[in-house]
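Structure incoming, see below.
Labels for the chains are A, B and C, by order of writing; each one numbers its residues from 1.
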């Protein structure tokens, strides 16, 4: 574990050197993710100026949900963005063979090979949203609150990473898994709003099948004092189970890896 | 314990077939169909520590596929592989510490990083002790002439520079077994020479076992005592180079420079004229039936010879002959 | 003259015909596109239903009017899409720009024909979304032919204006290697400012003024206002004239930008 942390640091340091050359790109990349969020947020803000509440949720409460999902997403975006392109970039070009002849876990190697600076944009948006939400709400502040938020964001990040991991394994068979990953990933958009606005089927989907609900709605509900029962604390378990399943599936896929010709 | 032990190794690729267009895609979704491609078809071999083995064959014969199974990149469809006593796929991490691979023109370095930074990172990955690393870096920089290249990013290197860097990166953790899949592809003669010397040196001083895949038989002649020839996934020859020359170099060529051509020549049995021009005369003879001196004597007694030369048996000519199916012919005879 | 026109028509016809083929090459994206479209449509519908939970009208629009507008915007989302930035970026990276400049066809015309063809292809591929909107969310299609006419003309004008606008933005790819970021940035701006997420009528005045001052809304919100009955057809001629002004202005500017940008390639060698 210690060894992997050291290695991650070394990878990160080296990337920083090559990134320095591309600073303008970094700024554009990070601000582009901010832009994407701004479109939705502006919509929410405009309507919330004109209505008393949104399905029983106030503006700050919506921001809390939105901030949590954005932070969770940013964890995935910063640390595990390579899962998106393992097929397109690494397998197709044969670079992936390299990871397999090195004495470290190839999944670690893949993930450490790129820290995605664009994700920092998402992270900052998430922090600002969360800050704005907390400023607008009057929560009963106990030391537990920040800890709970941290736990929620980390398990949300774990859920994002696990779902991307599971879908990216398909690239061992179909070479480019981006469409598959995208089809699952986009379901997180549901979780930018309270799940109470959707029909039962959507809520079930986002709780049991593609459980992005645990990255935003359930922890936000708990913080706001709504009764969501055990769902309030299920996030870390869901994340752990999914990550474990994802890793096993990855190993299964690895046995079926057939590389590229030549 | 042998360095490499392979028993009845097979690899089958399944290539999905699908009709063009949307309809084809939908059909493929519900009823996928596959073509089977047997890339490696039951090969067995044994390589002792310190051996340098040339692994050759035509394009698509299955060389790279074999190497990928030996390195643990691909899981065999059938058969067993042992490298230094381990299953390279199951014990991938342990195996990786002891082997090094060059995959043709595919670099293992980080494109944007200076060479020395790539090497530093590799040293971390392989956990090479700092002092040992420094020592080896100095040694490799000297023998591969990398000193001016250390601060150059890989993306700015020429092919030859890249390959020298690649070799340093592959051998810096002192692997016991090294696979070189076309390490000299596209290189000029001088770089080739330097790379061959380096590999020879590593083998001599450290006892590194080397499996070398190449289309340049010069590499093989320089480096290997033993050659394995693979064709369509089968091993068709495995033995010392000298055996190939003896067994398949049945014919030799002798060329005469003559004052004037003769109308008809009386030649010993097994010798034929393969080219007759006004001033030169080329003959080919079967070494099992006659000798060079008999042929030369016969020609000199009939025409005025100014000079003559005997061609060395040429490995690439022989291998070409084998690729063309000489072996099957011999087996049939 | 006639034969010249015919020859030109056949050249550009071939260019246009290549576009649907390219889309089909990514057939898995076709299916995924439907999933993504369905997700987005669902979110928007339930979002707006929740918004109207406490109020009967918003910006003078009823829930029905807003939903009609939003669903139509989803069905006609292709009107807001342009690929020029990615195309330019790709061609530059692969060193194809010089190649394309050498072809005996008008450079910008070539791309305009491609843009129209990809609009048509996307529209056809959006048909399942139209079905979904109708069957699942009860979209009632307008029956007023005049509204359709006003919409079509306005959409074509707006799409052309947007094409020139994107052309100007695409010229920036000559100066940055971060094409992906630029593309996403513009995509994000388009998302909001095209008016696909929210009818312009609901926006506060200052925001609506801003939206109308930049070109993004010209191809989606403005034509859709006719189709969804928010803007009366009587205002169509004035709107068309206004859009025509956008087309001409942006067209001229786009030519200027391109001339400067291309110098970067021809002088500095890509």
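Assume a contact is a pair of C-beta atoms (placed from the backbone, for glycine too) under 8 Å apart; a residue touches a chain by one contact, two chains touch by 3 or more.
A quick note: this is a predicted structure, and the numbers were derived from the prediction, not measured.
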Most distant chain from subunit C by Cα centroid: B
Distance-to-centre winner among chains (Cα means, whole assembly as reference): A
Inter-centroid spacing, subunit B versus subunit A (mean Cα positions, whole Å): 47
Separation of subunit A from subunit C, taking each centre as the mean of its C-alpha atoms, in whole Å: 30
Whole-Å separation of chain centres (CA-atom averages), subunit B against subunit C: 56
Residue numbers of subunit C (touch at least two other chains): 28
Subunit A contact footprint on subunit C (complex, rising order): 28-29, 31-32, 35-36, 39-40, 42-43, 46-47, 49-51, 53-55, 58-59, 176-178, 180-185, 187-189, 191-192, 197-198, 202-204, 207
Parts of subunit B lying in touch with subunit A, wherever the complex brings them together: 13-14, 64, 68, 71-75, 89, 92-94, 96-97, 99, 101, 103-104, 106, 108, 110, 112-113, 117, 120-121, 124-127
Footprint of subunit C on subunit A - complex, ascending: 22, 24-25, 28-29, 31-33, 35-36, 38-40, 42-43, 46-47, 49-55, 118, 179-180, 182-183, 186-187, 189-190, 192-193, 197-199, 202
Residue numbers on subunit A that touch subunit B, as the complex places them: 3, 6-7, 10-11, 14, 17-18, 21, 93-95, 97-98, 100-105, 255-259, 262
